[in-house]
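Below you'll find the structure, written out as structure tokens, and then a few comments.
Chain naming follows the written order as A, B, C, D and E, and within any one chain the residues start at number 1.
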Amino acid sequence: MGYLSESFLHALELVFAFDREVQSAVWTSLYTSSGAIILSAVIGIPAGVLLGLSRFRGRRLLVTLLNTLMALPTVVVGLVLFGIFSRQGPLGSLGLLFTPLAMVAGQMVLATPIVANYVLAAVKGADERIIDTAMTLGATRFQAGVQLVKEIRFGVMAAVIAGFGRVIGEVGVAMMLGGNIRGSTRTMTTAIALETSKGEFAFGLALGIVLLSVALFVNLFLNLLQQR
Amino acid sequence: MEPIIRVKKLSLHRGENFSLSIEDLNLYPQQIYALTGANGAGKSTLLKTLALLITPDQGTVSIAAAMGGDLVQLRQQVTLVEQSPYLLNGSVSDNLAFGLKLRGIRGKEQQQRITSTLEMVGLAGLEQRKAKHLSGGEVQRVALARALVLQPQVLLLDEPTANIDSKSLQAFEALLSRLPDYGVTVVLSTHDLTQPARLGAQLIRIENGRLLDNLQRLTKHRNCKPTEKKQWLKPLRVQGL
Amino acid sequence: RLATTTSTENSGLLAELLPPFEQANNCQVDVIAVGTGKAIKLGETGDVDVVMVHARSKEDKFVAQGYGVDRRDVMYNDFVLLGPAGDPAGINGLSDVAAAMGKIAATEATFVSRGDDSGTHSREKQLWKAAGVTPDGDWYLEAGRGMGEVIVMAGERRGYTLSDRGTYLAFKSKTDLQIVGEGDQRLFNPYGVIIVNPQKHPHVKVALAKKFLDYLTSKQAQTLITGYRRGGEQLFYVK
Amino acid sequence: MGYLSESFLHALELVFAFDREVQSAVWTSLYTSSGAIILSAVIGIPAGVLLGLSRFRGRRLLVTLLNTLMALPTVVVGLVLFGIFSRQGPLGSLGLLFTPLAMVAGQMVLATPIVANYVLAAVKGADERIIDTAMTLGATRFQAGVQLVKEIRFGVMAAVIAGFGRVIGEVGVAMMLGGNIRGSTRTMTTAIALETSKGEFAFGLALGIVLLSVALFVNLFLNLLQQR
Amino acid sequence: MEPIIRVKKLSLHRGENFSLSIEDLNLYPQQIYALTGANGAGKSTLLKTLALLITPDQGTVSIAAAMGGDLVQLRQQVTLVEQSPYLLNGSVSDNLAFGLKLRGIRGKEQQQRITSTLEMVGLAGLEQRKAKHLSGGEVQRVALARALVLQPQVLLLDEPTANIDSKSLQAFEALLSRLPDYGVTVVLSTHDLTQPARLGAQLIRIENGRLLDNLQRLTKHRNCKPTEKKQWLKPLRVQGL
């Protein structure tokens, strides 16, 4: 138990010491997660809107499948993409394995169902008159969808925040596809996992506190963005 | 004269209890039509169908060819103000700007049109108010302004004066009754049976989803001189409001 | 409860070794397979009764600090140096493992390190020291992962790595790495078992733990250990 | 790459063979996750509603903190609760470490912010007249809140589904607090992690497919529940 | 006679542009009051305040002590029908049942009250319709029924007849004007300046958040005999609807 309080001091030290390795891990975490969440938003938001608005046979089943994808364990995503990126896999020649790009791809796979589901729920809860209003004012279906997203922007922002939280805090994909290589693909979470496996619980926890602080700053920033 | 909207053999189900079915209905340009009937008769449903927002199960709603080809072009010329209008998030002026932007009208012209239209509906100076913080009558005015500012060829109004105060009512009716002079065709629904006469409107009575009169025959026109469309905002401004 | 390294659990040995003991004593041994460092930590916090690891210096420290008692040697296995098919550093056949490591560094051939303070990592560092090299640079990847993952990584990157034989055999079919160095005295790796000190943690089932240690060092267990085969190869040896 | 197709066959085999160990892992996954999500719903739904409705100073900051909690890495939750449940920790005497109960506690910590955030977003997107309507018809504030939850039940169900997906698919907490003990705390995800670390990729992936099937069934069931 | 609602030194801000401030306003039991004023004058705001849904910045709204102690008990006796009512998810009958359940009225009595109230507002037989699939006028009727079925002491109606069709209007007004005989106090807002006279209502004119008349003085009462409250549903049913 002693390590709980110990780790707080440790975290403070880490932050103020600007330890180079910690900095590099923070930076890797940040840019892979940001890249992944941007891609997820680009795919997940339109997917959620489409699924929320359209009425076709099998829609319910598709929604249930999308729900199920939220249960994708990171190890499974890691395994599948590993198979694809590995030298014997279909994309092996690109040499993406154990690079940040591979991590971005894996995290995108994790975050997209989350973003899409959140947006879907927001669309279902939105006022039914929005689409008709936009269309009678002369919008195309696409423009009406864009306006809908603006009307439910609180829900959309929540979707992005949830997806971001998921990827910056996840370790399985980062580990399997990034490889936790010091100075290149070591993220905050893989560093935490490493320290923990070494038995350095206090240091691991300290890194966890640093990670949460980083996430807090990102969220504060997104919050400001939304307030505008 | 050619009708601007022609409804043929239309049939449309909503839920299990209501169906709208119209054999034949021609609406001529620069006329005012007043839709009356009991609650649940199908007025709003018909207006939504004319606004091309509901696709009928059978039959067709055709709009004069002159107004453009595809659905979006047509919807840009046929604008509906719903019975309980949804205002978009943002300011009053954002609401009016929305349709203008879609038509590529920006900058100064947008600004001017918004200002003069808001003046027209008695909301001068409310540009920056948040749309979600308006009173019932103010909402209805903004919704009307949001349609008027687009200067559509056909204006569909679902009980547009239901929440308008008694002092402004006269000014509103004056405004509406002069729209045909500027090339606009107006179809409005109302429960005020004295209103159609004041507007010089033709009655379309509807009951249980069916028209009570054969309106193909009733084609007597109001006479009005078509005017330069672009100018219609200026002369329309109503002092009394 | 037994905390042990992942390599022991993953080798499948425990599945052979434990049932006779469990039957004889009518108990169940909960195996918690984690890294060496964490296994020792679990012992320190008293969350397990017995620790079985392979990192002599850490074990000694654990006992010296009073966390554990009655350390015994159980068995040993050995490390092997793995390398890609082409053997770019040309070390195949060298019997001196330190020299081989020196050559890897000299040619800057890719080397993937565990980088996690595990028993294997400690051994690797000792070997670098013996070779007189401070590994650093683009060719030296510190992965910070488990043994199996590191073998796979080295395979993907066509690099060298140090592994215990058991894990290598388990991953043999997943990689094109081959053994390029083995048999050196410095590659032997003893496993020890330690009982968590009941004076620090009174709830430790010390009697049963003692029986377990007795069992592990008994003739019966030792034959099971030497008799254990994986892919036709013997993995563990006893003194 | 070969293991991708191989694993599908394997998964089928597993399901039809009713392998006892797989069954036990499925069962452990199911009941720990269900327990955790029920507790999370009990805490998270009211928290989300309260936070969505109330107006107090610092509310925005609290929401941002809640958002940040979604980035909690499973390892960190594992570490902290480990410190609490471990023999030397404050609750050490209960002997909860490496039991299913400890896993439930950890998963609850993970899922509660997700449920609360989802519900919060749904409340923010809900019609503003709901509370006033309920109150003028004679409801207490509490009853009005309950009615609000009913009105936004699609969003609430989405919250529960998202939380469930999060916990049934996560491995860090299950591993650290459960210990992956065969026959007792081995879940689907820890089994997958184990097989993967053994190099049994195909088997791990097959287990992943089984896990997703289980999640699919749960979601179908929740969907039916919602349709009623 | 004691007032049933007493407003004192009330002051209330909404946004930056509007404030409601009422020095003194007494509403007496078994009266009908008609609130009139321009759009944005503050009618809806005042009604919400009387319904105890908005807490004023300053001043008090006090309700006759006889009606119970805490806020919830009072709200159960003072029911508001909003200008644009929100219908709860579910059927029409679910909407009417909501308030009844809160008052412990279940089973057969609930059923009977719902059926007879729906008949009263001209929606007999629509029990099982989904509330979200109704027309504008039907929504308003359901909202009114949802309040009537609770038989509150004070009924606050925000433009209750705005979307009601012309045929039913008379029946509705007959219904409303007879409510005081059954012990109910009615405050309604309207833009139809002829309606107050038809209802025998006292006018409360509001402009820009302020009352135009000193209403403390105007206390002439309608005469009506208090009746057994429980029975008010039966005799109230209006044939014409």
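The working rule: a contact is a pair of C-beta atoms (placed from the backbone, for glycine too) under 8 Å apart; a residue touches a chain by one contact, two chains touch by 3 or more.
Just so we're clear, the structure is a prediction, and the values are computed from it rather than from any experiment.
Fewest steps needed to get from chain B to chain C, stepping only to touching chains, is 2. The greatest centre-to-centre gap from chain B, using C-alpha centroids, is found for C.
The leading chain pair by number of C-beta pairs in contact is A-D. Chain centres here are C-alpha means, and the one lying farthest from chain E is C. With each centre defined as the average position of its C-alpha atoms, the distance from chain A to chain D rounds to 17 Å. A straight line joining the Cα centres of chain D and chain E is 46 Å long.
Separating the CA-averaged centres of chain A and chain E is a span of 50 Å.
For this pair, chain A with chain C, the centres built from the Cα atoms lie 35 Å apart.
Residue positions 146, 149 of chain C each touch two or more of the other chains.
Among all residues of chain A, those that touch two or more other chains are 86, 127, 176, 196, 201. Shared contact sites, meaning residues of chain B that touch two or more other chains, fall at 84. By the definition given earlier, chain contacts exist for A-B, A-C, A-D, B-E, C-D, D-E. Residues 86-88, 95, 97-98, 179-182, 184, 194, 197-199, 201 of chain D are the ones touching chain C in the complex.
Chain contact summary for the complex, chain A toward chain D: residues 1-4, 60, 63-65, 67-76, 78-80, 82-84, 86, 88-90, 92, 114, 117-118, 120-122, 124-127, 152, 154-155, 158-159, 161-162, 164-166, 168-172, 176, 188-189, 192-193, 196, 201, 204-205, 208, 211-212, 215-216, 219-220, 223.
The touching residues of chain E, when paired with chain B in their complex, are 14-15, 17, 36-41, 43-44, 83-84, 122, 129-130, 133-138, 141, 158-159, 162-169, 191-193. Of all residues in chain C, only 34-35, 37-41, 115-118, 141-146, 149, 153, 156-157 touch chain A in the complex they form. Residues of chain D that touch chain E in their complex: 127, 129-130, 132-140, 143, 147, 150-151, 153.
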